[in-house]
Amino acid sequence: MTHIDQVPTPGAPLPVEIGVKAGAARTNPFARVFDELVRFAQSRSLFMLHYCTGCGAVELPPAMTSRFDMERLGIQPMVSPRQADILLITGYVSVKTLKRVILTYEQMNSPKYVIGICSCTVNGGMYWQSYATAKKLNDYMPVDIYIAGCMPRPEAVIEGLRGLIENIRTGRADAWKDYYRRYDYYLGNQQRLFGADWQTSTDVIAEARHYDLFGPATLGAHTALLEQHQRPLEALEMRIEIPELMRRRSRSDQDGTAQ
Amino acid sequence: MTLELPVDLLFGLNLDLNLDLTKVMTANAIVLPVVLPLLAAFLMQPLAQVSRTLARLLGPLVLALGAWIILNAWLDVGPAPFSVAIGGFAAPLGIVFYADQLALLFALAVQVFTLLFWPGLGAAAKADAAADRQRAPRRDALALLLASAATGLALSGDLFNIFIFYELAAVASFGLVCADGSGRARIATLRYLFVSAFGSVLALVGIAILYLQTGTLNLAQLAQVAPETLQGPIGLAAFALLLIGFGVKAELFPLNAWVPEVYATAPARVSALLAGLVSKLAILVIVRLLILVFQQPEASQLLLVLGVLGVLTGEFSAWRAQDFPRLLAFSSIGQLGLVAIAFSIDGTTGILAGTAVALHHLIIKSALFGLANRWSGGLDALTGAAKGAPRAAGLFVLFALSLVGVPPLWGFWIKLLIMVGLVQGGSPLDLLALGAILLATAVEAHYLFRVALRLYQPPVQDQASRLAPPARWDTGVAYLLGACLVVISVAITPATEALRVLAQQTGDVLLYIDTVFPQPLAYKE
Amino acid sequence: MIPLTLETVSYAGAVGLVVIGGLGLVICNHLFRMLLALVMAESGANLLLVLTGFRGGAIAPIIGYGPAGAPMVDPLPQVLVLTAIVIGVGVQALAVAVLVRVYRTYGILDMRELRRRMEGEIAVAAGIAAPGSAQVPLGQRPLPPVPDYELVRRSAPVRERGA
Amino acid sequence: MATSPTTVVDQLLAGLHLPDGFDAVAGVIRESLAHVTNSAIWTRYGQQSLEWLIGMNPVDRLFMLSALTLLLMLLLGRLRSAGVLAVLLYGAQFAALLSTDTLFGAPVAAEVRITVADQSLHWSYDALSWFFAMITIGAAFVTAWYAAGSWMRRYREAGQSARAFHVALALNCFGMLLLVGSADLLSLFLGWELVSWASFLLMALVGGPGAQAALKYLAYAISGAMLLLGGIALIYSIGGSFEYGAVVAAIRGMTDVQVWTLLLLLGGGFAVKLGLLPFHLWQAAAYAEAPGAGSVFLGAISARMGLFGIIVFIVGMIGVSRLMTLEIPYTFMSSRELIAWIAALTIIVPTYTALQQHDARYLLAWHGIGQGGYMLLGLMVGDAVGSAGGLLHCFNYAITQAALLMAVFAVVHRTGTADLNQLGGLVTRMPLTFLVLLFGIISLAGLPPMAGFVSKWMVYRSLITEGMPLLFVAAVVGTLGTILSVYKLIHNIFLGQLRVEHQGVAEAPLSMLIPMLGLSALIFLAGFIPGPALSWVAQVQGQLGLPVVPWVLGGIVDPRGGLDMIWLVGILMAGFGVGALVFYGFGGRSRRVHQLDNYAGGHFLTADVHYQYSDNFYAGLMHLIGPWYRGAFRWLERSLAATLDLVSFGAEGLYRVAQPTLLMLAAAVAMLAWVF
Amino acid sequence: MDWLSAMRLDALAAVDFHWLGLVLELMLMPLIAFVAGLGLVLMLRKIAARLQRRVGPPLLQPLWDIIKLHAKETQTSHGLIHEIGIVMAIGGYVAAVTLLPVPGMNGLAQQGGLIALLYMTMIPSLGLALGVGQCANPNGSIGISRALTAMLAYDVPMVIVIFGVAFHFGSLNLVHMIAAQQAGGVATWGMVQMPLLALAGLFALQGMLGKQPFEIYVAPAEIATGPMVEMGGKFLGGLFVMQCFQLYTGGALYVTLFLGGGEHWLTFLFKVFVVTAIPMTIAMVFPRYRTEDMVRLFWKWPTMIGLLGIAFVMN
């Protein structure tokens, strides 16, 4: 295990890039209409995974039930990261919890959005002096919206969600791309916190390659460190291998069984 | 015709000039297979003092000679039965031998099987060779005595003569059973002796009743007078007593408590002779009585009931048996019950079926007891025996298949014969017997194949060394008998036809009478 | 009612001897007594056989003995019974010989005990448990292995034999 | 007639009525054959033997070839190439079968008669016989192929005898051919015993638990055979002959009590083989523990011999209408309903026992018992569609079960285990085997578009139209149970997490794969175009005197609701096309991820964590119904064994009396008392 | 009969319809089913919202959900079977709805019939089960195991109902059933003729639609929505599509069996929506049953009612 001192220090934190469009703008008017439609649908249908780590969770039931009714905005709760669009972090995240949060975040399908609720996610809040909590969420994953307050009222939550919806509709809510493009940065912060052997079960780099989300800062010193000890995470591809067919001649010592 | 002279000298033959001389000669020589072994048995001990080798060879030589004589008689005289008056005294007064195909067949079987299971043959690997050498002449003498008596049982046409041969066979078998000198064999012998002797007493009483009623003990004459004199309960009582007496050796049900004990303690070859051979000859006597003298249906029923009980108790007990000899012993009881059932069927079918099943059992059970010579332990100990003795195990499976009655084999056709016979009889008792046979067959298959599977299991480590494969001679004999079985199974049609001719001859009472009394004789002038 | 003649009394006596002998064989446990019972039964049977040739007032069947033409007793049973007696004696002698050997080996002549010893010896020689041990109740006696599905599945060892 | 291979092929092609486009293919075949026929060896030996072969009666030819197979296996079974030889020989048998027009038209009837020990043995092949013979030889053919290569090599390496296996298989096939052709009770019994013992041989080959199971089978089979023999004796005592014609006459003249007795004896005998309740306990273990390829053969056809007997006797000779008149005293049930209910229970109980199994072989073997119930149920309904469904299910089930067992044993071949709790995720390593198993389970569960659906549909339909609600529900409940357990089967083997130790597993060897894939294709084809199989079934129905099913190429035409599988399968395929279009056409790009990239409530998965749900798969259901059938009917077996033991103990006790003469005296007294 | 000659007969000629019309029908029927299904999903969510005094989703919410899910930029696949499972789930229903006659269109109802329809609707479940299995997530497998158990539970009353209905109409042909029901107006409706069976059918429908109280197999808080746990993006979208079909098939089947089918589109859709609304309403006021309790319930009450109904029908 690499000692914590050996982890390279990350560079200066960059501001979250908002509204940077990938690729060339589409010129086909039908495609533009189609993109509009998709963006509209995305903004009007948000599945929310609320990671209720702190006291802020208490404010969510009122936001969902008859008083405020999130569903009229097309927002409904979901339970598995695979299904969710929004990761809602409601309150402080301890180091141990943060590992799970990152794992969960990586397992979500893009476009995905992170909302930090309560001061704790912004700057540690009342846990500023705690050795065991992560202070700034956007050191570890790109955050789309922070809803400050201790705790924010349901109105504030709804307002924050409305803001996100508006961002999505206008195509500005693409902080998730930042995670792929500057993966080295986020990984560096994660490694500083969790140790050099930190690894999740999602292969972010391969994902970035696959979806053309690879950026100049995707790889770096930290990903190099990761690759030193990373368990291979290639998918199990179907294969039809018949050893008897491959080596008909050298039959004497073969055995088709595993190992 | 080298035999003419001694025969002539010894017996002063009753030369009937109407007959072809050679045929008469050969026919009269049929006495020799009884007499020669008897003489040889008495000669054995003195001879052993002179030359041990000669004494060893004497028994097999005499038996081979006997077999040759019988075969010769059969081939020369042809299919018709013939009778021989011993010492030239004609039938009602003298003693006659009656030789039809059945008698000749069993007489031949006696010679051949005694030869095959001769106690001194092939058993070279004996631990105490010195003690064996001491014992050998006595044992061989007893075996010859047994052969002589058994041949006499097959051929004799006189009831008291039969009784004497029967007793002779009993004494010989007592001696053979305890021949190896173990304590448990002696205890078994004593128990066997009491059963056998008391059975003889009852048989004697039966003979007395018979004589009281008819005034004769010649079977042919009995056959003539039986319809008048032996009807009713008195005759049946005589039959019942005779049945009990002869049933002891025939292993019929309530008289066979000795069977498992004796077969578990006696040398395996002796068991093979007793179970295979002697039991059949005892049955043969009963069948003769049944056909010639006691033609009442009740007599057959009596036999049937005993047979059913024998089949059921034998097979069920065998299911529980935990060692190989006793398994074979109980199985033998069951099979003899089947023989009894078969013979109780009316008419030629019954005799045909009975003869067939008797021969079948003779072949198979003898061979199995031969295999048991080395496999005499518990069934558990047989685990993996096929590894060391694949041929013996294969033969066991073959015999087991035929015993159960698996179609292409002879056993199936026999069971079919019995089944058809019982169904044609059609009485409730017959159907009950049929049910019992079917039930017993299922049980039999289970225990036989429990053993067969055990033979083919992978051997347990410490048992593999303990279990020696059957001796080469025993395996060879089993091979021979297995080959017989296969040949008969293949040639089932001619074999059945031959047996049918035999059965018709056996069932023909008039033929018997006519053969023994060539001219009609007035009775009690 | 059967008339009480010499003949009937003799017949009854003979049959009675057989019956007594048979009962003796069954009731007695001592081998020697059993042997004596057997002798008795055999005598009865021989008596019965010889009686079958008996005729009231007849003479011995010897030619020239007694008045000519007088009724003779049937000679055949007498011949037969002689043979039977000889055989019987032979068997008895054999029995005594074996009995003596047994007594030398085991020191007892009790039938039940001898039988138990024999069973035990057979079992020991065959390497199996002695059967019918009274200590084990019926339900727990070792059964021949009926293949139990569950046992087969787990290929567990078959139940231990014996107590 | 002029016979050379060329002319034979010409005749065969002409018989096939192929469209014109096939001329080119036929030409190629002809040319290559001409090459062979010009060779010297051919003109010397081949020509004569071919002429001799073609000149024979078809039944003779079939028996001769089958016996030849047996003989050659006995002589040459030890050789390495014996497997290939066996395949060729079974292929030749199948060709002999083809020459009888069984597949492509009306089958010819032919007979053989021999006399043995003054009993006449008579074999006669009709539509029913050919139908079963076809399944038998087909099963033997694919089994031999499956066993021919890699499987047999492994089998030998394990120290087993290849010859014994080949002989056992050939003996089974031969015995079944004798059985299905039997035309009198004697030849029937002969064939029956031969089949029973041959199966026993096949089961007991490898020893161990298989031998134990085989012994149990033997106890059941021999008891069944003895019941059968009792029944045959009863018929003989009334009819006086073994010939089927006389038997039918005898049965017609029997009283109801006699028919009941006959039904119990014969039905009992056949039921043992078919594994009907309560005689089913032997079957699963015996079939599952047999050596792999042997298990395939046994599972596909062996138990159907019992059904064959039932078809011949109960359906053909006694007749369903006679069954309906046989009332059970004091109830309002007829014997037909009784049998139908036994069939229904046979569907349900073993199927739900299968649900409990955690060994793939046992699971399938238990299903085999259950599927027998459908066949019997269909036959007992007795109308055109129902009986056709029952018969068709024999064929459909045979190909299904063979494919399933082959797939499972292919997995065993590669991984060394059939324990459903020790497997998982193999779809990425053995995809073709997965495909075979998938086709098989769809067919077994009776879902469209596979073969099993057609026959089960027919059984359901007849149950509805004949108005048998409870039996219908029972049949469907059985099917639902099948769906449950086959999902467990495919899930636990092929889906879910791939275990570390199975990472290097390879696809099944080609020699095993080809028959598997062939059967899968057949399963699909028989579901897509059920017409051919229905035509065979219709012939059989005509033969048995049952109403004949109104079939067309795609299924059944009936105003009250027919079935056209061509349309159904077509629309299903179209639906899948639409689904694929929606899924692949309208969706974003997907990326395959490693199986450890999985939702575990935020838990970090590692390869050594067993993240798979396989044990106690239907926990909720078992919690409810587990106690209902735990050990069901085993008490019967146990009590029978205990009774046997008790009786035996008593019998043995008779031989253990202290006084040897006691029984003798008692017997003397009893006999004399009886006499006077 | 020789099946080769049957093949040479033009197999298609045996079926009497106009080609083009049929093709059109086969394309239209799934489409209509899908659109109606979207409406039913909306209704489901609206009813839930109204019962909870919420506003509920907007009109096109089901559509937005599906579009959004398909438009996800990264999609997590667990392998080919995972994908094929979804294809089967959609495709099976697409095929199944063509067996369900609607006003003016019979589709393939003449070629299949009631049992074929019933078994055709099992194909999507099988596909889903396969796909879930391939995900290698035990939550999903547990969900499938529960779902299959639930199927075993509700199918018992279901097949009783199907038997009763088929026996009542003497046919398995859905077209015949509709014709028979429409012959005499409301009085000949299955619901009137067989009220007990209709009741049992309603129970079964509740289970078939997988709504509360019978949705233990989803159990979001326990096994993370069970079968759907690893379904994201278009995988989940496919399931949403399937749900549309499922609601439609359930409702339309019930209407066909008991409410006389549709005289014309308006009444047909009205009936479908009304029928489907009943279980949805019930669903929102009940908690959920455990698996074994659900099985026990289904095998007791609706089964008894159904058997009683059959007893009436068969007399």
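Per-chain residue numbering starts at 1, and chain names A, B, C, D and E are given in the order in which the chains are listed.
Going forward, a contact is a pair of C-beta atoms (placed from the backbone, for glycine too) under 8 Å apart; a residue touches a chain by one contact, two chains touch by 3 or more.
All values derive from a computational prediction rather than experimental measurement.
S.K.: Given the touch definition stated above, what is the smallest step count connecting subunit C to subunit E?
M.R.: 2
S.K.: How would the remaining chains group if subunit D were removed from the picture, with no chain shifted?
M.R.: If we ignore subunit D, what remains breaks up, so that the groups are A, E | B, C.
S.K.: Counting only C-beta pairs in contact, which pair of chains has the most of them?
M.R.: That would be the chain pair D-E.
S.K.: Report the inter-chain centroid distance for subunit D and subunit E in whole angstrom, where each centroid is the mean of the CA atoms.
M.R.: 35
S.K.: Can you give the whole-Å distance between the Cα centres of subunit B and subunit E?
M.R.: Computed value for the inter-centroid distance: 80 Å.
S.K.: Can you give the whole-Å distance between the Cα centres of subunit B and subunit D?
M.R.: Taking the mean C-alpha position of each chain, the two centres sit 47 Å apart.
S.K.: Show the residues in subunit B shared as contacts by 2 or more other chains, in ascending order.
M.R.: In subunit B, the residues touching two or more other chains are 191, 194, 198, 202, 319-320, 450.
S.K.: Listing for subunit E: what residues touch at least two other chains?
M.R.: If we look for residues of subunit E contacting two or more partner chains, we find 71-76, 79-80, 224, 229-230, 233.
S.K.: Which subunit C residues reach two or more other chains?
M.R.: Residues 22, 25, 111, 115, 131, 144-145 of subunit C touch two or more partner chains.
S.K.: Where do chains touch, given as pairs?
M.R.: A-D, A-E, B-C, B-D, C-D, D-E
S.K.: Within their complex, state which residues of subunit A touch subunit E.
M.R.: The contact residues of subunit A facing subunit E are 37-38, 40-42, 44-45, 65-66, 69, 71-72, 74, 78-83, 85, 107-111, 207, 211, 235-236, 238.
S.K.: Which positions of subunit B touch subunit D when the two form their complex?
M.R.: Spelled out, the residues of subunit B in touch with subunit D are 191-192, 194-195, 198-199, 202, 233, 236-237, 240-241, 243-244, 248, 253-260, 298, 302, 312-314, 316-317, 319-321, 330, 401, 404, 406-408, 412-413, 415-416, 419-420, 422-424, 426, 434-435, 438-439, 441-443, 445-446, 449-450, 453, 456-458, 492-493, 495-497.
S.K.: Provide the residue numbers of subunit C that touch subunit D in the complex, in ascending order.
M.R.: 22-23, 25-26, 29, 111-112, 115, 131-132, 138, 141, 143-147, 149, 151-153, 155
S.K.: What part of subunit C is in contact with subunit B in the complex they form?
M.R.: 15, 18, 21-22, 25, 31, 34, 38, 41-42, 44-46, 48-49, 51-52, 74, 76-77, 80, 83-84, 87-88, 90-91, 94-95, 98-99, 101-102, 105-106, 111, 114-115, 117-118, 121-123, 125-129, 131, 142, 144-145, 161
S.K.: Can you list the subunit B residues touching subunit C in their complex?
M.R.: For this pair, the touching residues of subunit B are 160, 163-164, 167-168, 170-171, 174-175, 178, 182-184, 186-191, 193-194, 197-198, 200-202, 204-205, 207-208, 211-212, 215, 217, 261, 264-265, 319-320, 322-326, 376-381, 447, 450.
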